[in-house]
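Since the structure comes first, as structure tokens, the remarks are kept for the end.
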């Protein structure tokens, strides 16, 4: 098969490393370069093969059909522009081009919701890890008008430490995280609130989101526990998702609560829904689990790349 | 000092083991017996000393001033009756005598809320681990009429595995729990919902509770993330707790979110409160952390025992 | 491709579950049955597919070209006989047919050492997890006569908890294993000592083995730290392994010490060797890491099955 | 009680933090200052109290009866000199003054072996964490002439991550350490080899040490697995330790292998000894466990401080 040439900027972080692995195993992609500023000149083993990191300035952007930018928020936008100028399509994993951050956001690469807008796109904003889980979990309720107007959808979510990146920080050292658990960005102040609210409202829903993330002592995985006030009880709690996602290869519905173990190292989100007993207002408890580095970052980025390059969407992705 | 003689029924489980340690280090208590049916005849090291487990039928109930019953739910009530008949006061750690479970509940041993009812009591129902955290966290709002009437208070809480006890179960083996995280009793079905709702309403509050517990890959500790719709915003989010708990030795208020590490091995609950930004209805995010085996079980049981025996309430407790 | 039909007895344990996954993804094998006595009638998700467990007595042994017996030590031998009587080839993962346990051991399925004896075999004894790591690590020294005659080869090895199986035991619960580490079978009493000594001596080496295993708070993986007194220093410490294993697909040599992370979920053993400084007798420190459920159990079992069935040896195995 | 005034240089690292807690709870010590260069001006909660970090240059060395220097190796010696010049006694936790590192080592503060040399001392070199465990474990054999002359004593030891300090490093992040295990300083190259060999030979023993440390995915604790070739088998394997340490408050002997759980947060080393079966040369397997931050660092430092100040040696230490 003729392979597309793809490059990775920011290849040594958690998402970048995962991207390297997915690209190396992808039947239709070839790795043009893996750039990593701080580790330029070093080598790393990924997926049983050696990857050599080049300096970003040495990356042959013009030789790439597509570039993944897995750079810190704020640092990505200029590199997206350089890659575009060199003629490459771009999947940007930072927040720089997302709704809620960018003044003119790029098409939002959450294929199960936004696929029609992605086919011809040249730049895609890859969603955040929490928004991927939460938006895929609530969209079927939002678009069907099942949510009480003006209601607050509440989300308590927990993420493994890889969500915080690989840059050394004292509070993320093993000795500080093991046997601990904490909330952060308490009071609805996380960057992802704006991203999720913007997308939720673009679906026509008049809702507020109240989001509290937590740090788990695990390496990878996100579980979002979501409560949704309904206009009326649902006879079959999973019906909206079944209707919305019938044939989606990367969405799994479950009658049992999903766990991290169900989803790690796979490009899926797994969703269950449960009526809340003993409360006056009809309320649904929705659970969504995904691997923050796969469906929440690198896997979804490859899914978007497949769409941009006209490859079969599921190709090269572990489902 | 003349010591009170206390016995423990169910001494080999997590709560029982913790009780043994607290009693052995307590300046005013002497361990009369430690009974454990399945491990009768065995010895265990606790707090640097050896404890010998006797069969429950061999326990000298009549020689004890007070008996702790740390038995499975359903199995405790008959032993409470036997201990009472033998003349001992009882602190029962099971759900058998708690509001929400018992038809005629015993006084509820949450001293910071119910101290006046405990002084003369002969039997006390020691609260569940989640209810201790959650009720102490929301009571100051409830009793001050600060909660929107008819509202749903939502709780997403996470507990270490010791909350599930020491009886071997495949799903609690290390290999199954490490790197995983899951919700359980989803849909507001946990036993503690009835306990918490009964106590919350006894405080005069017209609220629903929606509670989703989760299993954490840590040994001990609970963090409850609670959202409370308010009648009006609070100028000083921590003021209700400061007023309610000013001098309490086992309640800590914090402007930073509490973590498990702040509270493990200590008989405290640590609470913070944060106004939620970006939502239309005034809402408070309240966080409460405690050690499920100490303030959530054995420590609180000793606190109750101190009250029943007329000892200084904080004696022998790690604050 | 025409597929071979294979069955699994003992499919619900850790090794059995791993076998199910490998068989389901194997291009030349089809799963005839997955038998599990205690979980008969239940279903489990493995490798993204559902597996239904049948009772062992209902397993169609006669419909299988090959049967894997992943049963407890002592329980396997009769089932090996039944499978043989039904005409199936057998790869037995228990100790029942191994050297050191069986009076008439079956051919020992450690292909990198014993491949010539396996091609025509109808029953193979799949090695233990520790012996796989340790024998592959020391064999190149033994067969080259590089080890001091009469010397004691010392091994301190550490294993994740899946090595102890999935049957619930109090001491393997998460709350008991997390943040702990312990030696077991201290004093050279582990069952694997006899297995390793028998094989080591069959290679013509006059050595003793002194083996101390430890339990690690991880799910999977073994690291063996081995010291070998040499007849003379080696100019190039890795040379014996390079010579012995040049083209082996499942053996990796490394100048850096291998870690669990290098090998989990892969059918490899990774080996490094280092001269010991500052000691009078020339001594080599050899490190070997593998995944106890893959190269240490199910992966190696499939490698052996491939040999018995005349399939390419590496087929279906994650390297 | 009149309290001695003590200061801590390097108070914000793991050992320094532990020292702060021990000093704050010590009945005969008062904390004069806690200096921490990088965190000067910050506050931290330790042992339920707030500690304010000052800059080292602002520390009132002249106001301290004793100073603990918990500084990086190489940085400690000048501060020891400044504290001495200011009239303070010093317990130095770095390697700078230890045998094997220093040309003129200070008295070695391993009280159970070197107590007579410490009473009048003004500076003490606090031993390393591994040497404390290993030397206390082998000394009774060495001084009794029970070890085969010229033999190699082999040690495979494993330590929790706090042994590596709190300075952020990518390879010590939670996501890199969880579910992993690795050897380091392989080939007998760890700094502690020189320290242990120097002390072992000072006890008159003609032995080599071969030491391989490993990094455990736990926060704290060390387990050393030691094999010792003997001149002759021992009828009672624990007898040498019983004779040597009969009344020592901080040494525990055990017939069962010690585990990390037995020793964490306590100022003890716990030791067991087991004859090796099935090897020609009589060999003992000795296991020793301690908490690297307590008996392996801060606890032992306080034990030494008690000796230097003429306080009862066990005062303020959790046994």
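All chains are identified by letter, namely A, B, C and D, in their written order; residue positions are counted from 1 within each chain.
Throughout what follows, a contact is a pair of C-beta atoms (placed from the backbone, for glycine too) under 8 Å apart; a residue touches a chain by one contact, two chains touch by 3 or more.
These numbers come from a predicted model, not from an experiment.
Enquirer: Name, by label, each chain that touches both members of the pair subunit A and subunit B.
Expert: Of all the chains present, those in contact with both subunit A and subunit B are C, D.
Enquirer: If you average the CA coordinates per chain, which chain's centre is most distant from that of subunit C?
Expert: In terms of C-alpha centroids, the chain at the greatest distance from subunit C is B.
Enquirer: What whole-number Å value describes the gap between the mean CA coordinates of subunit B and subunit C?
Expert: Their C-alpha centroids are separated by 46 Å.
Enquirer: Quick one: subunit A and subunit C, Cα centre-to-centre, how many Å?
Expert: Those two chain centres are 38 Å apart.
Enquirer: Counting only residues that touch at least two other chains, what does the list for subunit B look like?
Expert: Correct list: 160, 178-179, 217-220.
Enquirer: Under the stated contact criterion, what part of subunit D meets subunit C in this complex?
Expert: 150, 152, 154, 156, 158, 160, 176, 178-184, 186-189, 193, 197, 208-210, 212, 214, 216-221, 223, 225, 227, 257-261, 264, 272, 274-281, 283, 285, 287
Enquirer: Would you mind writing out the residues of subunit A in touch with subunit D in their complex?
Expert: Touch residues, subunit A against subunit D: 14, 160-162, 166-170, 172-179, 217-220.
Enquirer: Residue numbers of subunit C touching subunit A in their complex, please.
Expert: Residues of subunit C touching subunit A: 45, 48, 178-179, 262, 266, 319.
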